[in-house]
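So, here come the structures, one by one.
Both complexes shown next keep chain A, but they swap its partner, so chain B is in the first and chain C is in the second.
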Partner chain A sequence: MRKRYGDNLWDLLRILAAGAWSILVGLYITGINLIRPGVCERYPRRDHRPDYQPRPGYRGDFALLSDPERPGGLRCIACLQCQNICPDQCIHITPEGKGKDRHPVQFRIDTGLCQFCWLCVEVCPVAAITMTPDYETATDQPQKLIRDLDTLRERGRNIPEPQRVEPVGCVADGGA
Partner chain B sequence: MLSFIANWLRDLLTAWFQAWHVPLVFVDILAWIVGGVAILILVMVVALVFIYLERKISGYIQSRLGPERVGPWGIFQTAMDALKLLQKEDIVPAGADKILHTLGPIAFFVVGLLGYLVIPWEEGGTIARMVDAHVGVLYVLAFGSLSVIGILMGGWGSNNKWSLLGALRGAAQMISYEVPMLLAVVCVVLLAGSLSLSTIVDQQKTLGLLSWNLWRPWLWLPVILYLIAATAEVNRTPFDLPEAESELVAGYHTEYSGMKFAFFFLAEYGNFFLVGLIFSVLFLGGWSSPFGYPDPLRIPGVIWLLGKATVTVFFLMWVRWTLPRLRVDQLMSLCWKVLLPVGFLSLLIAGTAALYV
Partner chain C sequence: MTWDPTCVTEELVVNMGPQHPSTHGVLRLILRLDGERVLEVRPDIGFLHSSLEKIAERLDYRQYLPYTDRYDYLCAMANELAYVRAVESLLGVEPTPRCQWIRVMMAEMNRIASHLVYYGALGMDTGATTVFLYCFRERERILQLFEDASGQRLLYHYFRIGGLRNDLPPGFCEGLRSFLDEFPRRVAEYDALLTRNRIFRSRTEGVGYLSPEAALSYGVTGPTLRGSGVSYDLRRAAPYYVYPELEFDVPTRPEGDVMARHLVRQEEMLQSVHLLHQCLDRLPPGEINVKVPRKLKPDPGEIYVRIESPRGELGVYLISDGSEKPYRLHWRAPSFHNLQAYPEMCQGAYVADLVAILGSLDIILGDVDR
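Up next, the complex of A and B:
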């Protein structure tokens, strides 16, 4: 017959002691968590931390960085690499011009489809596209989720350099 | 304080009734009604407060925040939930036994309330004095185990396999764990020499904190036994098999909605608080102040009792959010193979202590 736990008294006592000890350890752990200050933000309420900013590397809404010396006023050279790499095919670019003058005349990102994977930002050869820490993009109309060239340019106007911080947990740096 | 108010009301009523030539028996009837309503309100408030506390505590233990939005720190959340349940449609499943389905939550709730009658809120302050003076402990345990009838009614009347399975599990579990719980309580009764809850408190009041039953080494086994068995008795994790979400949807109250569900839910917390109350009466000195008798701080006994019960309840909530649920076979083997022998052992120890200490 298969031997089972608790078949003799000594076994039973040992199991009971081990069980009691593990319960105490568990209570200790949950107790520590109970009194530890929380890490949650009370999101829609601002009264706890009015100066709240997302952590560096937060992937929020998109922006195109500006360069006044280039046609169109954007860094973007309309190489379409971001359009091609996007797994959700949410970037649609209409390029114009040849050689050094090549620039986008239409640049649409459907953030409703986007999974914020950072691939487009990573692939860009001139660091023209980036994500801002802006996280309040919710809306009740799907069309409002589509960013066009003007919006993206407006957003990028005040960004001197793209975010250099690697996103937290990015696959590229070993899932740190 | 409570008995003072009660006596004052009674004197007032007696005077009035004499003036209007009403038979004085109505004073007693009225007093019982007032007491009953007071307990009903107490249980409602306690249940709402503890559901809120439970959600907050579970939130903090799991690094969440718990209810946040309704009122400051979300304190009105459970009140709003109760109001919401009040408005909801009462759905009775097709093929259900309508009468049993309706009676289930009522029986559960009423039986849960009855236990409160014999709790000594302060010196001489129980609602059912006659019962308490003789067999308070027996009464409270008897009605504690009666709540299984409400669960069975609900489970059977719902015409749903999950409800029925949950109810059957509940019945098996509550009847089994009744035994070690009784053994634990009998140890206290042996030492106190009385079945009256008031007497048990009276014997723990003299030195305050020091004379609590909790500090007597020969009662430590019963303390643990009682906590375990009582947790199983009120169907809480790690013994929440009757309503195991992952297996039985919601167990015996799967098919309940609206106010009937609210009754089950409130009564569960009412029973839970009753466990805390009985634990404080048996082991933590009940209404007596921890600083000696009479209370040097002059705080009413009912506050001490509620405070002690709250601490007990908090501990059990802490346990709930720490431990995972047992399997059914583990549940039964824990009861019959471990708790029962330990119960007899503790009875032996307590009996010896009662004779020689």
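Up next, the complex of A and C:
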């Protein structure tokens, strides 16, 4: 049986004093934290980081990059590699044309199934598909989670370069 | 007032969970009570079963990698590390030195992040809510670094077979260093606020005793085992990657109670800081990826690879039949084995102690059920 209270009055007083000291220490630490700058965000307002954007390379909503010289105006050559690697089978592409003119006429991504793993972006041979730092994709209807060709093309219009993560070296501070 | 063991009152069977807030997920505990005293605990698991081992059999080696993040979601990097190491050993691929250092760094950062959640959650379980918020403030800085490097905050999918998704982004090392400089002071704060608190101490000292023999016989690993006085850490016992070159202590405590496990984890966070400083100092330049074939077809064979995750020995048992998909994949999940010892620890405890003991085990139900 574990002893929770002291044997005699002296012990009891000592425990009480230790308890009171713990409370004072706790109050001191919470007091210090009261005057430290806050870190909490009120979500839609984002008080502390009003223009925070995730870095390029963040795995958010999808976009298809455009290339005006190609049929369909997209870089995509409908090679179906992204459809094949997707672990959740949430990409569905209908290709059209032969050889150089091959392009998708239908391109569906069901972001409700997607696990945002970046494999489709990585596998694409022409860097046609990418994920933007846009993370505010919540919606009230499951159908709205399905991105079709027009949505993807529209989203990709403003992205000039493929948003690949640049392999920038970061070596030991003492080194290079 | 003393408890008279001959006084027998009527027994009561109570369900605790599956939606009890302190069960860290969905765990149902079937309790047999005599008043406030626990006679028997039976954990009922399986509510978070997600068939992750079976999924591996229908996906190829590369496609399965994002799934490994998803069962022990607090230390996704450790899971990826275990799986990637298993597949690479089957393929006979050796990652580049820089890749190994970065992997070790990520695993140690994830250890700190995971222990911070544990720390805050144990505080919550014993009634101290403040420390939880402070822990999450510090964890947020690590998650921000992870987000910069891997593109996501929780389910990183940063390691690849044969390398990494990308090199460290600019500013990563500086951000990590400023975090590391500040973090030990914060740990000292938590220590004063929670660990030295008189109430917390009487809630944890002498509660949930686990003897070293019992711990070993249940297959308990990780900080839970080291809290029982057994100095066993796979980073020392079966070192992998660059751990032999690094200098660190394996904290152990002989007491075997909740407080001992708590102190081991607290000390481990500081050891990880020490490790990360060394990693930052010695991080070599160079390539991060080695070339692997586009279609991964390991030779038929089997392998068991284990690493030290924040919760203990995390093992991957992988059988290849020479095709593109694993023939069988099994996870040796540390949470599952640690939970086995739970009824043993709860012998003669009070109901209120159950949550403290469970918190000190630091189980993740996604890891238990897979």
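List of remarks:
We take it that the second predicted complex is superposed on the first by the 121 of 176 C-alpha atoms of A that agree within 3 Å, B and C clash if a C-alpha of one lies under 4 Å from a C-alpha of the other, contacts with A are read in each partner's own complex, and residues count from 1 in each chain.
Criterion: contacts are C-beta pairs under 8 Å (C-beta built on N, C-alpha and C of every residue); 3 or more make two chains touch, one makes a residue touch a chain.
Not measured: the values here are computed from a predicted model.
When both complexes are overlaid on chain A, the residue A:Gln115 reaches chain C alone and has no touch with chain B. Judged by the touch definition given at the top, the superposed model places A:Pro54 against chain C, while chain B stays out of reach. After overlaying the two complexes on the shared chain, residue contacts for A:Pro87 are found with chain C alone; chain B is out of touch. In the overlay built on the shared chain, the residue A:Ala138 is in contact with neither chain B nor chain C. Judged by the number of chain A residues each one touches, C leads among chain B and chain C.
In the superposition on chain A, A:Val39 makes contact with both chain B and chain C. Look at A:Gly31: by the touch rule set out above, it reaches chain B but stays clear of chain C. On chain A, the patch touched by chain B and the patch touched by chain C overlap at residues 26, 29-30, 33, 39.
Residues 6, 12, 16, 23, 26-27, 29-31, 33-36, 38-40, 42, 45 of chain A touch chain B in their complex.
The touching residues of chain C, when paired with chain A in their complex, are 2-3, 59, 62-67, 70, 130, 134, 137, 140, 147-148, 151-152, 155, 157, 165-170, 172-173, 177, 189, 192-193, 196-199, 202, 206-207, 280-285, 288. Contacts from chain B toward chain A in the complex involve residues 57, 60-65, 68, 318-319, 321-323, 333, 337-338. Interface residues of chain A, counted against chain C in their complex, comprise 1-2, 4, 15, 18-19, 21-22, 25-26, 29-30, 33, 39, 54-55, 57-59, 85-87, 115-119, 122, 131, 165-176.
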